Structure formats: C-alpha cells, structure tokens
Amino acid sequence: MRELLKVQNLKTNFYTYEGIVRALDGIDLDVKEGKTLGIVGETGCGKSVTALSILRLILPPGKIESGKVLFWYKGELSVDLLSKDEVFLRRVRGNEISMIFQEASSALNPVYSVGEQISESFLLHQKRELYKAIIEEIEKNMREDNFFLKNFVYRFHKRIYKKMLENSKSLRIRFISLLPLINRYKVWLKKEVSRRVVDILTKLGVPDPQRIMERYPHELSGGMQQRIVIAIALACNPRLLIADEPTSNLDVTIQAQILDLIRRLKENLGLSILFITHDLGVVAELCDYVAVMYAGNICELAEVRKIFKNPSHPYTKALMNSVPTLEEKKLESIRGNVPNLISPPEGCRFHPRCDYATEICARVKPDMVEVEDNHWVSCHNFLRG
Amino acid sequence: MKKGLITGVIGILMVGLSFFALAGEVKNPDTFVEATIGTIDSLDPAWAYDTASGEAIQTICETLIFWKGERTDSFVPLLATQVPSVENGLISPDGLTYTFPIRKGVKFHNGEPLTPEDVEYSIERAMVQDRDGGPVWMLYEPLLGISGSRDAEGNIVIKFEDIDKAVEVKGDSVVFHLKKPYPPFLSILANTWASVVNKKFVVENGGWPGTKDTWKEYNNPAPGKETLHKIACGTGPFKLERWDPGVEIVFVRNDDYWREPAKLKRVIIKIVDEWTTRKLMFLAGDADTIYVPRQYIKELEGVEGIRVYKDLPSLSQGSAFFNFKINPEGNPYIGSGKLDGKGIPPDFFSDKDVRLGFAYSFDYETYLKDAWMGEAIQPTGPIIKGLPFYNPEQEVYYYDPKKAEEHFKKAWGGELWKKGFKLTILYNSGNVQRQTAASIFRDNIEALNPKFRIEIRPVEWADYVRDIVTGKLTLFIIGWLADYPDPHNFVYPYMHSEGTFSKWQSYRNPIVDGLIKRGIEEVNPTIRKRYYDQLQMIYYIDVPGVGLHQPLGRHYERDWVKGWYYNPILPNAGLGGYFYSLSKG
Amino acid sequence: MKSYIIRRVLLVIPVLFGVSIIIFAILSLFSPEQRAATFITDVRQLRDIQGVIRKHHLDAPIYMQYFSWIKEVLKGNLGWSKTASRPVLEAFFYFLPNTVELSLFSAPFIILIGIYLGSTAAVHQDKSVDHITRAIAIIGWSLPTFWFGLLLLMIFYGYFKGLFPPESLGLNSSLYVNSKDFMRFTRINTIDALLNREWWIFVDALRHLVLPVITLTVVQCALVMRIMRSSMLEVLGRGYVITARAKGADEKTVIKKHVRRNAMIPVITVSGYLFAGLMNGVVITETIFNRKGLGWWWWRAAVQLDIPAILGAVLFNGVLFVLTNLVIDLLYAYIDPRIRLG
Amino acid sequence: MKVSITNRKRSEFKEELLPRIKEIKFSFNRFKKSPLSLMGLTLIIFFLGIAIFAPQLAPPKYPHNPYRIPRDGYSAIPRPPSPEHPFGTTEGQYDIYYGVIWGTRTAFRVGLTVVGSILVIGIILGSISGYYGGVVDEVIMRIVDTFMSLPTLVLAMALVSALGRSLDNVMKALIIVGWPSYARLVRGDILSVREEDYVEAARAVGCSNLRIIFRHVLPNAIYPLLIMASLDIGAMVLTAAALSFLGLGAPVGYADWGQMTSFARNWIVGPPDNPLAYWYTITIPGLFILFFVLGWNLLGDAFRDILDPRLRRR
C-alpha cells in the first residue's frame, strides 16, 4: 500500500510578541492510500497547524521552519510540497488535496450563493475538461437540429471554446466576454458547471440540489452548511481530504449523519483522509490509523485497534481513562496543564505531567520506537502489554 | 486594472488643459468687469436704498437732472431740457413750485417714447409704494411735509389727492408743488429714487395702473413682491441683459440711446466675497476694478498695470455718540448701574465733564493713521467737507491726556475720580475701524486711572442695531452716508430731537430744533449759512458726540480703463462710478 | 424587499418633523428686533425699524409663527432670502446645479481613491506601503480645508498666472452659456456643454473644477480609506478567505472577489456620513473658489443672519440627508443578502 | 495585625491585577512598534506641555482675561518676526506667538470639553436606548436620526449666528451637533453585547440593570468609543477653525488658532513681486492646527489597531 502523503520532521513557529511559539516540534506521519489517519490531541496541541502547514496556508506571523511534505503525485513519489512554488501549490490545493473546516458557517462567503461557491472550485481546476465537454455538447446539439441560423451560432461558440482550450488567457477572449450579446456563449459554461454542482450535491445526499444551489449560506442549517463545505472540497475529487474537526460543533444527530457520509465517501471514492479531532469516539469509528499529538509532538502512532487495546504512551493511557464509558468508573484527570509552547519543557514535553517520568525523560527527547507491528511510541519507558 | 484607470483620467485632464496658455494684454476689450461684495437688493428705483442697487439702477434709468461732473452742488439737464432755478423762472420766487420742461425724442428700452405722463407716473408710483425702510421719505418731506404715507401703527394717513396734486403735467413739462420751501429738493430729484420709468411697461407687468381706486393695494409690498424687483425699463445708456442675484448683473449697450451711445458694449458687476480671489482676478486681468477693503491697500502697492486714485472725499462720516439716558432695564453694558467703580449710572454721560474727558482722551491722529492708513480726515462736526456751508475754521477736539484727566477729576463732583467706573463699548464684528476706535478709548482712558475699566465686545450687526434702537448702548460708534448733499441731511439726524441719532442719545436742545427748522425753510443761501455756522458751534460746545473720521476713498482700476471720474454722491462712487463715461483699450 | 422600502420611507416623516422642530428652536433664539435688523442693509434705513417688524409679523408668539411657517412651507413658500434676493425655494434650485456639479466630480474620486488606498494598505499591513498611505491620508484628514484651498489657489492661479482659475466659468463661456443660443438642460455647466457639443466650454468648466475637486477629495477620501482599511483587515481574518485559498484560488482573485466585496459593506454604511462631510467641505470650497453654489449661499446667509435662508438650509440638508440614507440602506441590502432576505 | 492584612490584601490585589497589567504591557508594546503612533504621542505631549506652561511661555498682559491677545498698535499690515514678536504680528498687530501659545489651551479646551460632553451624553442616551429597547429606543433613535440628518457645519453656523459669536457658543453648537453619532455607536454595541451570555448570567445573578450596563456592557463597548473620541478631538478643533474662518467662531482678538488663520486668510497671497511676504501669518497658526489634529488622528489610528479586540491578536 503506497503512502499517499509523508510528513518528515515538520517544524512550524509563530513569531508573536511574547516570543517564538514552537507550535510543531518535528512531526512525522504518513497517510496510506485509501486509509484514514486520525490525529487526536487536546486543543492547542498543534493539530490544525499541522493541517494548514501541509497545504502551506500558514499566514504571518507563522512560518514553516523546516521539514518535508512528500506527496505521491502522478507516479513519482517524492514531491515535497514545501519546496514547490506557489503556482504548483495552487494546482494541488482543491484538486489533489482539499480541506474542510470546523466552523462551517464562517467557512462560507455570506455574499455569494452556495451554488456559486461550489462552481468556483470547478472553474479553478477543471477548465479544460469543462471546455471539452461543452464542445461535445455543442456538436451533439448541432447534429440534432440543423436549423441554419442556430447552426451558425453553434459553430461560432464552438470556435470560441476551441480557442479558449488552447490559450485560456488570450486578450481577445477576455474582450469578447465583455460584449453584452456575444457573451451569450457563457450560457453553455454555466449549464455545464451547474450540472456538475448538482451531480456532486446528489452524491453527498443533499435533497433537491437545484433549489439549494440558489440559497445563501445563512439560510441553511448547520448540517447542510457542512455538507456544502464538503461539496466544495470534493468537487474536483481530490485524492486526499484533510478534515479539521468537521463535526465538533454540530449536535450529535447531525454529527452522526456527517460521519456516516464521510465513511460512505471513503468506501465509494477510495478517498484517503487526514481526520483531525479531539473526540476519541469518532476516531474509533472512522479511522484506520491514529496519531496522538501532545504539545507539538506525536507521542504514539498505531492502528486503531492496537492503540485502544494497549495504549503504551502514558499520555494516551491517561487520555483513554478520561473518556466516560458505560461502566461507572472514576474519571481520572491529568494533573498540571498544557505547557506554554514559548519555553517548552526539556526532553519529553509530557514529563512534568507524566506519572512514569524518570530522570532521562527530562533530559533527552525520546525517539520513535516500534513496540509492535504498526505501533510506534516516543517514550523512554513506555508501558508494556 | 483600477490603478490604470485613475492615472489615465488624470493624464487626460492634464493634457487637455495644458495647451490653454494664457496670452493677450487686454482681456475682452469691450466688456467692463467690476468685482465687489455688496449684493443688489432690488432694481426698483422706488424700493432700492442701498448703494449696490443704486449703482445698477443708475446705469439703466435716468433722472430729470444729474450732477455736473465731479461737483455735488450744480446740475446738468438730462431728461429735462433745463435745470430749474429762480433766475430762469422755473422755480417760483417763494420756492414752492418747480417746473421741468421734458426733453423730446427720447426712447425707453422697450421703444416707447418718453412723455411727461411717464415722469409724473414715476414720482407718484414711488410715493404710492413707499415701503418700510425705503428712500421715498425724501419725496414726502418736501412735497407733503410729512415723513411717510403711514403712521407708527402702519395705517395710511394720507389721501390719494395729496399725491396727485403734488405732481402735475402741464403742457410738455412737469410741475412739482412743495408744502414749504426745501432748498435741497433739486439734489433729491437727481438721485436714483427719482428715476423715470415707462408707465406702459410697469402697468403691463402688473404695476400700479395710476388710478385712485387701487392705490392702497400697492402700498408697502412685501420684499420681492414689488413689480420692478427683477425687471427694468429705463432710458439709460445700458439695458439690463441678465441679473443672477448674489452672482452677477450684466448690462448691454443701448444702441438707440438719445445721446451718443456708450463706448462699452457690456458691463458686468460680479459678487466675489473672498478678498484673495478678488485680488487674483484683478491681477490676472479678469476684473477691471475691484472693491479693496482699507486694510489690504498695501498688497496692491507697487504693482504695475494698475492705476490708483487716492484721497477721494466721501460724503460720509463716522462719529462716537454718548447716550445721555441709557435704558437700564436688563442692560449688561452698564454693570452695577451705580457710580461705585463696578458700573455707571444711566445718566453717566449727562455730565458734560465726562463727555469732555472722553473727547480729549481719543487719539485722533493714531486712529486716522492706523485704522485708516492716514486716508481719512477728522470731521469738525455734523457738517463735513464737501457739503455746502461746511465751516473749515470750526474748532475740534484733540488728544490731550492732561485736559482729559482735568475733566474726569471735575466730573460728578470728584466722585468719579475717587470711585472709578466700568462700562462696555460694543462694535459690530468684522468692522475693524470701529473696533480700533473702541480700543483707543479703552487704552487711553484706562491709562489715566487704574479704577477706570472699559470692556470691548463685538456683536453681530443685528444685535448692534437692536441695542442702539433700544437705547442700551453706553457709547456707540456709527456712521452716516449722505442721501443728498445738503447740511440738513446731516444736521437733522445728528442734532434734531427727532433726528435718528439724537433721538437714541436722548439729546434734546430746543434752540437747535428751532435753528434746523429755519435752516431748511430759508431759500437765501447767505442766511442759511449763518444758521448752520451756529449749529456747528453748538455741537462743539454741547459735545453730544465726537466726529472720528471722514473717509477718503480710493479707486483701483487696470491702466487700460479710460474715462473714470469721481463724484462723491454717486452710489458706489469709488468703484464703477458712471459707466457711460468709461471705455477700455 | 418592498415592505423594507416602505418602512424606511415612512420613517422619513417623523425625522423631517423633528428637523422642523429643531429649526424653529433655533428661530426662537432670535429676538424680533434682531430678525428685523436683518432686513436692513443700510444704516439710513434704521428710521422705522418697528415698521419692518410689523411687516414681517416678527413679534407674534413663537408657536403661532411656527404654524404659519409650517403652513407656508407646505405650500412651498419658504420665505424670501435677502442674500439671494429671491424666494428660498427658487434660490435652492438655482444654486443646486453648481453644488451637484462639484460633488458629482469629487464623489467618484473620493470613493475610488479611498477604496484603492484602503485595500492596498490593508493587504500590505505594517509594511512601508501601509505606513506611507496611512500617513498621507491622515495628513489629508488633518489639513484645514480652507488653508489648503487658499494655498492651491495661490499656486495655480496666482503664481502660474491663471492655469486653474476660481469661479465656475470663464468670462466668455459664462456670457455664451447665458446667451439665448445655448440650450440650458440641467444648468450644470459640464453636462450642458456636452449636450450642446460646445467642447471649449466643457474644457473651460473642467479647468475651473480642478482646484475645488482636489481640495474636497484630499480631505474626504481619508475617511473612506480608513474605514476600508480596518474593514479589509477584519475580513482578511475570516474563515471563508482561508476556504477560498484552500480551493486553490490565487491571491489576487481572493482579494478582488471575496475580500473586497465583503469589506465594502461598512464603507457603504459610512458613506452616509461622507455625504454630510462633503456638504461641509462644499461650504468652505465654494466660499474660497467663489463658486456660487448652495454652500456659498448658506455661508452668506449665516454671516448676514438671513433667517429664512438659514432655516431653508437646515431643512434642505435634512431632506437630502434622509434621502441619501434611504438610498444607502437600499444599496446595503443589495450588497449584503443577509439583510435583503431578512 | 494590621500589617498582615495589608500584605495579604496587596498580594491578592496584585494577583487579581496580573492579567490586566499583562494586557496593558501588551498594548504598550504594540503601540511602541508602529512609528506613526509614536509620532502621534510625542506631538500630543508637546502640545500638552505648551498648554500647561502657557503662562510661563507667554505671560498674559491682561491678567483678568489671559485669552485676549495683546496688541502692539492698530495698523492692519502684519509685521514680520522680530525680537519682541518672535512669530511676527497679524493684521491689527495681534502677537502671533502669544496667540498661538494660548491657542493651544483653547484647542485643548474646545477639543476635550466638546468630546467629553459628547461622550457622556452619547453613552447615557445610547446605553438607555440600547439596553431597554422598545419605545424608548425608538424615540431616542428618531431624535438621533433627526440630529444626524443635519450637516454639522450648517447647523453650527445657524446656532452660532443665533446664539451670538463666542467660543462657548461654538462649543455648545458642536456638542448639540456631535452627540448623536456616539449615541448610535454605543446603542449598536450594547445591542450586540446584550445578547452575550455573560450579560444573561449577570442578570440571572440578580444585578440591577444599571450595574449590568456600567459593569459589564459598557467596558466592552468602550473601545470603539475611545477610538472615535480620539479622532473627533482633532475633527472638533478643525470644525471650530473652519467656523472662525467663516467669521462665526471665536471673537476677534481671542487666542484661538482658527481665529488667527482667519486673520491671515487675506495675506496668504502677498503682493505680486514678493508673494510670500506674509508667510508667517498663515503658516504658523496653520501648522499648529495641522500638527495638533495630526497628533490626535495618529493616536486614534494607533488606538484602533491596538485596542480593537478583533485586530489585537492578529
């Protein structure tokens, strides 16, 4: 099974007034094709920063210090996204890798209709496929009714789309698109794109997509808004979807629907997903592999079943215990609070709160050790069995 | 894209304008442009009393007789063929009837010929209208012996017959019947309020038809409702082309004028409030003459291409008047209202020594030098230089702190010097000269005795007028402009117990009233002179007020203007003067 | 949408009533003699001031005058303006074209430059571009308009010998414009000149517009720029901007399509004040450049206590302002769907 | 015993204040970072110094009325700077140096009193109408609309010409014209803050309405007000100067920058041979106005970038 995405020693800092926040202190993870990797951790441990760093969407004062993001791109493996120029990155974003966010309501632009926002993804990436499809469409129409005048118009439109296919930036086309009557050719484009929007919306199980398209974001429910965000992301059927806590602020019933939708997409489209959440329940249900993050480091990485069966990193164990279960058992809380990332503790960043901490933990940062097949831990005295 | 748009637009603007280089010495040679500040109130001769309207009407309409060049005491015939006098028999020996033979072959701007009926109608129409605060009292006093058609409460006190009989047409001349002899009557008829208008034109435009039954409706119309407010039809050298109130008024040459047509094709009077803008237009040649406020004279010194006329005596003067009986009720300007160092009693100025103290503590030279740039003279009394019977040898007061201190010590039996006083002098804000005069009084009097306190406050013109009329001002500085060049027009308002200023001062002197009455009714000039000399001496002795300045005007014009002359009695004399005589090039 | 408009229009009536109350409160501050004095232009007319008071029935009790005034206003007779020597309503329509021309030419510059500078400053926050544009805008905003205007006049009219003259038209063009063979449609010189295809008048009118427009623009566009900058900064931080970037859109389209349209909303709401600011600027600019518009007329009326004109001015401004607010609300609803669909 | 209580109190007090100190330290640092705000602060401190030490810098000639500019003669032609008149004299020989120094005091007086009273009126009416809503809100808002529909300068001109021309009337006019925009701003903020949970919580705990308004609601709505106030101080001084230019501001001879610039309005363009002959009459008062207003505007801008919660942590 090939690794679709491999992140190596990713470091990202934020240069704020209080000092340099070392948000990511060397992250290594990989997403296998068709599989779902869950990233779990308390708020503020750097989950979202990882997601944004992968797509290089970190804005000043943040800066990606070092590391590699290798992405399997059309046959040859090692394409380091971080070293590529902005144009390449733009072709990847939304087309190969796309992202969905926690706050669906603020992720949608209030002044444009939902349909417009989804069609923007198509227009950005699939211009050539659209023009080809339109040319075929025109030819089909020409064959059906060969009324003289219509024919002439069709041929004219066809020529325009052919021209656009070769050189989409030509000034002549931009000029023609301004003339009122002549730019009727755009009708084809609008029809083709809206057909695709309806297609993606039905695929996501949205009822009556034609009506929904005209609506504005503030008129839709939370769940529906999240479906639209997913539609935007999956418009050009990317190979990797990064989901940054998509269901966190939805109430449980809607949350279940969205998770179910994502699972169906995974199976039907063979989509590989990087799923970020702080809810262990969701991880158990959806993810194949899990990475537990704490204060900018990954402390444990393993298959879902293995990690639930025997969590070997003290933090993971503590996390497990703090989740309410059916049997009545006292919930443990972890003493102390999340470290300040400006002056993080030496060695293993969890040692001040770790019950099993020994002298070495405070000095040396533990490396990843393979406890069992597909089960890695970064801890000096990890718990056995 | 946006960046391109903006720079593009500015580029076009610059290119389009740059080729407009300015050249040419005399701009628009046959159009005379006057830039001033006063707005015209109305074009109706019977309505207009302000100088700006007077200047416009004088360009369009003409009177029976007119001033002879620069003189104010002799006339030339205009619409009348002769100037009436006792010698040529056109004025009756008893000075009660004046006959004016009317010139023939004169046409109005609407083509109608000039007839004696037009003259009679013009004067009667003025007396019928007689608006509040209008100039027509000057026709009522000589013709009917009263000051207006209505009493204080506003109901009409005269009958139409009185007006009709006062002016009659006899053959082809017009006869005026006066109630009592009135020597300045000729100079009144030479002014714009006696201009001749075309009866047919006025009646067509809804004016008074000249009959008895409807005359009351046309009496005292609301502002702007008078018939000739915006329209004009006279016999003058220029016709009215257009009037945009507050903006400009444009006259165009009347080609079939009964005398030789004017040299200028067009005359424009523009309103330009901002001095800097006005000056730059003058320097750039866009204006041929401008109104130059006194304080900016220096800015035009040593500028070539400009001709300046200096020391033009104007028939106006500014004086300080002492209020003998100040109205104490609710009056902040007299402080405590008692002689206790924190105010003044209402009759403070009734004590002559106080008045003399003030008179001697005013530094006349510095005032004339600083406030008027040395371009004003000190008047000797109510009758000023340029008026007949002006007495140049009349004694005047001068700046003498010791004399002033002497009088102040004697004032109120020495109480004033011990206790001191505090009073407020007002001036209408914006009038730099009056403000300077008030400051001179304050600084010199406060220097005499630390207990003397004078405060100066500027107020709006409307408040200034209100406080003068209600008698609240302690001492007020105000000016007077001649209606007609005759001592009676100054002596009456300054000294007569019913005169405008003396009434507000509550200055009453029966001898003076008698002298004034005899002065106006005496036809023989030598006897009139004796009365007016006595009046000027009494004014010096009683010192109800002190003459401060008689301004000497200035006239500024570009050097390509020709034919300008100065007659003090013409409205806005220092500006356009008489457009008929002007030319350019 | 329709009910929204009707509600807004109905709101206009109480506001206008309020405006007339304020106007009359100002009027009651004057005393009868004061008001009468304003009808006197020459000291010689002081003779019968009582006559003038009676003529204009200035001594009746205030509320009585208020009702007679309102009756007159509804009949369209707003009294006689001495400074313009014509009825107030007629004077308003006479002076309106000049002011409209000035605002017509400066408004686009103010808004265009303001938005452009505002968005560039926001996009490059805290870089040199941001500091420079902000400094220029702030200096423009703190510059006393009259001082700046007079300086411009001195340089471009005095020193450069009449390159950009004051007033609204040169002598020859104003004579021609007022002559019979020039069709007056809107009484706005530039537009009439175009309609009559008199290019030289059009250029002359433009030449007279340059200085006043610069004076007005420099001060007013600082306000637009500041509002635009802070609203752009706020929108840049929003979620949908990151979504747009995540879609793969390039920075230019993100700014142009997504950010600027949302950032325009606060600018539209504030352009109501912009109108008020413009009217203030117009008063000073027209006085300095001697362009006989509403601003000049109101200044002259205030200085010479021409009461009917002052009251008329406050009333007209009230009506104009309320109408612009209505237009702005409708524009606001058009841009922001959240408002339109309630 | 007493000592310990205070000790306990002080440490506890320090403990409670810590977050606030941290915030202030953060603001001050953000403030230090942008050069424009530093310039603004120095300008305002410079003017404050002049205002405070005015009696020392320019000893008043008339103790009972220090704001009257002393005159040295009456001639209308301004005289250039000379030893006894460091900045020269204006038309009517008013000493520019004295006028400009005491003018700083007038500017602060006009700026602070006007904006101060506008803030107070605006907050009171705004919070009442915002918090209570319903009919009260409707009435107050209609009054605000009425005042808002009157352009500041025209109304101020009408008021000053009615009340008479003095600095107090100018201030009254500016206050009457200025308060509505503050009231509307406060109402807007309060409407949004009123919905917040912590206000609901406060009401649940049983605080009185007034306490809620002043303890919880206003502190959060205060930032935009502060920003607007600091910008308005400059704007108010400018409007007062404009009024003086139009002949409706402070009386002649009063130590006020606007009045002095209006003195100089006719001397900007000197005689043709030496157009800049009277530069000092217009430049000196003009520059004082410019830098005073500039200082406040820069400060206001800096406040916005620092205090506005949304932009603070960007």
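Remarks
Letters A, B, C and D name the chains as they come in the text, with residue numbers starting at 1 for each one.
Throughout what follows, contacts are C-beta pairs under 8 Å (C-beta built on N, C-alpha and C of every residue); 3 or more make two chains touch, one makes a residue touch a chain.
Keep in mind the model is a prediction, meaning the values are calculated, not measured.
The chain pair C-D and the chain pair B-D differ in C-beta contact count, and the higher one is C-D.
Averaging C-alpha coordinates per chain places the centre of chain C 24 Å away from that of chain D. Mean C-alpha positions place chain B and chain D at a centre distance of 46 Å.
Centre-to-centre separation between chain A and chain C, using Cα means, comes to 51 Å.
Each chain gets one centre point, the mean of its Cα atoms, and the points for chain A and chain B are 89 Å apart. In chain C, the residues touching two or more other chains are 30, 150, 153-154, 158, 287, 305.
For chain D, residues touching at least two other chains, in rising order: 161, 247, 265, 268-269, 272. Residue positions of chain A in touch with at least two other chains are not found. Pairs of chains meeting the touch criterion: A-C, A-D, B-C, B-D, C-D. Taken in their complex, chain B has these residues touching chain C: 2-3, 5-6, 13, 16-17, 20, 22, 27-28, 31, 33, 39-42, 49-51, 132-135, 137, 147-148, 150, 152, 154, 220, 222-224, 229, 242, 244-247, 250, 266, 268, 271-274, 276-277, 280-281, 283-284, 286, 460-463, 465-466, 468-470, 478-481, 483, 500. Chain D meets chain A in the complex at residues 26, 29-30.
By the touch rule above, chain A contacts chain C in their complex via residues 55, 57, 86, 90-95, 98-99, 101, 103, 106-111, 120-121, 124-125, 216, 218-219, 229, 232-233.
Chain C makes touch with chain D in their complex at residues 11, 14-15, 18-19, 21-22, 26-27, 29-30, 126, 131, 134-135, 138-139, 141-147, 150-151, 153-154, 158-159, 226, 230, 233-234, 237, 273, 276, 279-280, 283-284, 287, 298-299, 302-303, 305, 310-311, 313-314, 317-318, 321-322, 325.
Touching chain D in their complex are the following residues of chain A: 17.
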